[in-house]
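In the two assemblies presented below, subunit A is common to both, partnered first by subunit B and then by subunit C.
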Partner chain A sequence: MSGAAGWLDRRTGWRDFFRRHFTEARLPVGSDSWLSLGWVLVFAFALQIATGMLLLLYFVPAPEQAFESVGRIMSEVPYGWFVRLIHSHAANWMVLGLFVHLFHTALSGSYKAPRELTWITGCLLLLMVLGMALSGYILPWSQLSYWATTVVTASFRYVPFVGQELVEWVRGGELVGAPTFRRAFMAHVALLPAGLALVLVFHLALARRAGPAPPPVRGRTSSGTAPGAGIPFHPRFVLKHGIQIVLFLMLVFATVFFAPHLFSPLESFLAADPFDTPPNVKPEWYLLWAYQLPRMVPERLSLVLQGVAVTGLFALPFLDRGPARHPLDRPAATAAVLLALVALVVLTVLGYLA
Partner chain B sequence: MTRRLHPLWGLQLVWALLLAAAAPGAAQLLDPEAESTCITCHEQEEEELAVPVPEWRESVHALHEVSCDGCHGGDPREQDADLSMSEEAGFLDNPSWTEMTDYCGVCHEGIAESYRLGYLGRNLREGVRVATCATCHMADGHRIVESRPEEILTAERCPHCLGVDDPQSELARLHEVRALELATAAQVRAAGDKGMDVMGLDAGRRAAHASWMLSVHRFHDEFIEPALRVARAELAEVRSTAIEYERRADERRRYGAVVLGALGMLLVSLVLMRRASK
Partner chain C sequence: MRNDDDRGAPTPVADRRRALQLLLSGSAVGVAALVGWPVARYVQPAPEDEAASAVELPDDEIGLWDAKLIALRGRPVLVVNTGDGYEAISAVCTHLGCIVKWKKGRRQFFCPCHGGRFDVEGRVLGGPAPRPLARLEVEELPGRIVVRLA
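This part shows the complex of A and B:
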């Protein structure tokens, strides 16, 4: 081994790392396409970082100029519209992909020992991605940004004892304004991406250490695969992941080019105006369930329910501790996950129609 | 095979059941109309008093949620008709023709001011019975439509009342600018339908409309012709930008088709490579 690659290898051992994790890695027999979804999400995250950095070249992070700078990106900066639409559309599809990944993992029982920590870091990633989406929402400083942030931050007042203080801490004052914008910008471009990258590396390392869970088989409790057995990762799964990543890109580009307003209601084209409350302000589709719940039950109860839901999500591996993984072998867990899924979909649809 | 069920499952089940039980409640949305006693009572009255309700439902006021009390005052939540239409509740009733401009001008401030400063406003102050807001805009009762000069300013409706030398040729010029405005609106809509951000263009079109409408309500040659000249120029600029936007939108779609086609070919190649690797 010689040359620059050899020099680097003697110091980092990258060839061995590459061999162990890619060219000579093996996956359980019967592994299906669901495995690729995680890699699609990693790709989507990388795409967000790349397009986000490009947008930072032209975005002006000040409330007085943010809306105008976004307008400039969309109409004057060469291919600015393309980069911004990819950033916003891929973010929405990524959130949808995360929900699908979460429910597939829950229904296939892949969170069970020894993968509890992988599940917990995955749930943490979901919350951080929602935080990313929410903080990114405010940055264009449109009517939608301003009022949806007002609605979302106002919901913190129902936290017992410290509710009002929490609202003011998040907003940086009594009302949504310049301090809120600066907090969101810091969270969106520094705090959350750094945290996300860190947790993502941990999540992937845990997933690699335990290996992917084989597809659940009725009546069997297998949760791993013997070393050396299984299907070679390269080229079979490299191609499989590649196919799904291309499909994801096609989905993003199809909406970017042919349905550019899919995720942009009318209010997102108007500059923020604290003195003009638009009717029917709603958060993005992935938070509609949280928007709809307090409209149907008392607000404090809705906060308790959301707390229970999030706690239950993180605690799932410790609630369903039996060895069985097939959905039909653990009907109580499957029913609860399906009920949660139905509740999420119903609340989202009702929130959309409200 | 043993299965252990943790007690916390019960809590999760309660959560899910509560959600499911609460769902039907969402269908009971409040109907804003049902809250107005003006509407519920007048609908049951004799023809003359009932007819404003269906007319109002088709009006621009209903579209923008300006209900009866928005113009006539009163308390639309009061069940008793006398109390609802009492002086204490701020009931205004119908204005006389001399009060009309002040009455509508509460909301339509700019137009009312323009009217007062113009030919008809001056005549009104001198006690001449001239056309006021309702003469043109309520010719169809409470079915007040959005500002549509082509329907309001017709040769049949206003052959005499304009303070201009040649009302018919003035109408023709107004209609020509209006046609340009409609064509511009259609062009802006076409660009918007293809995914372009046309809020700025639409705002420009609306500003041009508001500007020449203000001048037109002065009803005098001195104001109308310059206003029409400016409106023509502004609308032409908005229209040409909208045409450029639509061209860009079409171009983007063509790029999109090429990009998707390339990705499709990459996809097919990957699928074939995967089959070959089996």
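This part shows the complex of A and C:
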């Protein structure tokens, strides 16, 4: 080994690390398409960091100027519309991808020993990405940003004991206002990206340590592949993942070019006005279920249901502990996951139509 | 457990080690508290500006059963002329904080978010709101009215 790469390698051992964990890591066949989704999500996170940093060059992080600066990004900055639309569209597709990734893991029983911590870090990632999407939503400071934030933060009031304090703490004051904006900005560009990167490293390291779960087989309980078996990561998996990343980009570009307003209802074109609530404020699609639920059951009950759902999500590997992985070999767990999925979809559709 | 060269010593090594560990974790907790308290205070909502807790209006500005939206310390307040006086009602809905609108025809406040309804004194008539709208103090003076935070 010679040259700069060799010099670096003798001091860091990166070649060996790279070979062991990437190019020559052996993975079982069969699960690659689903596995790719995970890498699509890693790519999407990187894309958000890149476009987010570009937005920061023109975005003015103060409530009186944010809306106007976003307008300038859209109409004056060369390709500003492109950067901004990629950031907001990819964010939405990323959330959808996360839900699919999660439900696939749940239905294929891949959260079982020894992968419980991979599942838990994954749930944390989901919550943090939802936090990213929510805090990002506030930043353009439009009517939609303002009122969706008002309603979402106000619903923390139903948290037992500390509800009212929590609402004011999150808002940084009694009503949504400049302190809320600054908190959201801090969370969106500093706290959450750093936290996400950290949890993501753990998630990936844990996933690699256990190896990918092979596709479940009826009546069998295999949870891993024999060491040394399987196909090297490079080139097969690199290509497979690459293809899905390209498909993801095609989806993002398709909506950016052909449906640029897909994720922006009318109220997102009006500057925030704390004195005028527009009719029909609704949160974004991934929160419609939480918006719809309290409209159908008493508010306290809906809070309890949400608490149970989130706790159940994190605790899934400890509730369904048997070795069986095929969905038909563990009907109770499968039924519970399917029920959650159906409830989520139905509530979302009802919330959309409401 | 005793160490060999420690035989007969008044303080066995294990005891000493435990004491040191206790001391160390004690100071770690102390340092964490010393850092944690200021940080917790720092991220607490800052106190609000105390300015402008009263607003004055000329008394011919609001027609009979009309309402005017004013800002009182940055909060929206609706002032309604009821014929024999004025009502000043906080426009922040007690449900999830949307801004209620005055419906002159029905003489009610109406919330656009989840359909909360309130009478002219802020009492809940329907919808999910848990509490009446806050009522503010109105002082009628010759030719003008003054709305105050109660």
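Here, the second predicted complex is superposed on the first by the 352 of 354 C-alpha atoms of A that agree within 3 Å, B and C clash if a C-alpha of one lies under 4 Å from a C-alpha of the other, contacts with A are read in each partner's own complex, and residues count from 1 in each chain.
We adopt the following convention: a residue touches a chain if its C-beta (ideal position, glycine included) is under 8 Å from a C-beta of that chain, and two chains touch if they have at least 3 such contacts.
All of these numbers come straight from a predicted model, not from anything done at the bench.
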{"item": "Per-residue touch tally on subunit A - higher for subunit B or for subunit C", "value": "B"}
{"item": "First, second, both or neither for A:199, with subunit B first and subunit C second", "value": "neither"}
{"item": "Which superposed partner A:295 touches (first subunit B, second subunit C, both, neither)", "value": "both"}
{"item": "Partner chain(s) touched by A:100 [first = subunit B, second = subunit C, both, neither]", "value": "neither"}
{"item": "Touching partner for A:253 - first (subunit B), second (subunit C), both, neither", "value": "first"}
{"item": "Partner chain in contact with A:25 - subunit B first, subunit C second, else both or neither", "value": "neither"}
{"item": "Touched partner set for A:123, first subunit B, second subunit C, both or neither", "value": "neither"}
{"item": "First, second, both or neither for A:150, with subunit B first and subunit C second", "value": "second"}
{"item": "Partner chain(s) touched by A:169 [first = subunit B, second = subunit C, both, neither]", "value": "second"}
{"item": "Doubly contacted residues of subunit A, that is, touched by subunit B and again by subunit C", "value": "295"}
{"item": "Interface residues, subunit C side, partner subunit A - complex", "value": "43-46, 48, 69, 71, 74-76, 91-92, 95-99, 111-114, 128"}
{"item": "Of subunit B, residues touching subunit A in the complex", "value": "1-6, 8-9, 11-13, 15-20, 22-23, 25-26, 29, 195, 197, 199-200, 252-253, 255-257, 259-260, 263-264, 266-267, 270-271, 273-274, 277-278"}
{"item": "Subunit A to subunit B touching residues, read off their complex", "value": "71, 74-75, 81, 219, 221, 235-236, 239-240, 242-243, 246-247, 249-250, 253-254, 256-261, 269-270, 292-293, 295-297, 305, 308-309, 312, 315, 318-324, 329-330, 332-333, 336, 339-340, 342-343, 346-347, 350, 354"}
{"item": "Complex contacts: residues of subunit A adjacent to subunit C", "value": "147, 150-151, 154-155, 168-169, 171-177, 179, 274-281, 295, 299"}
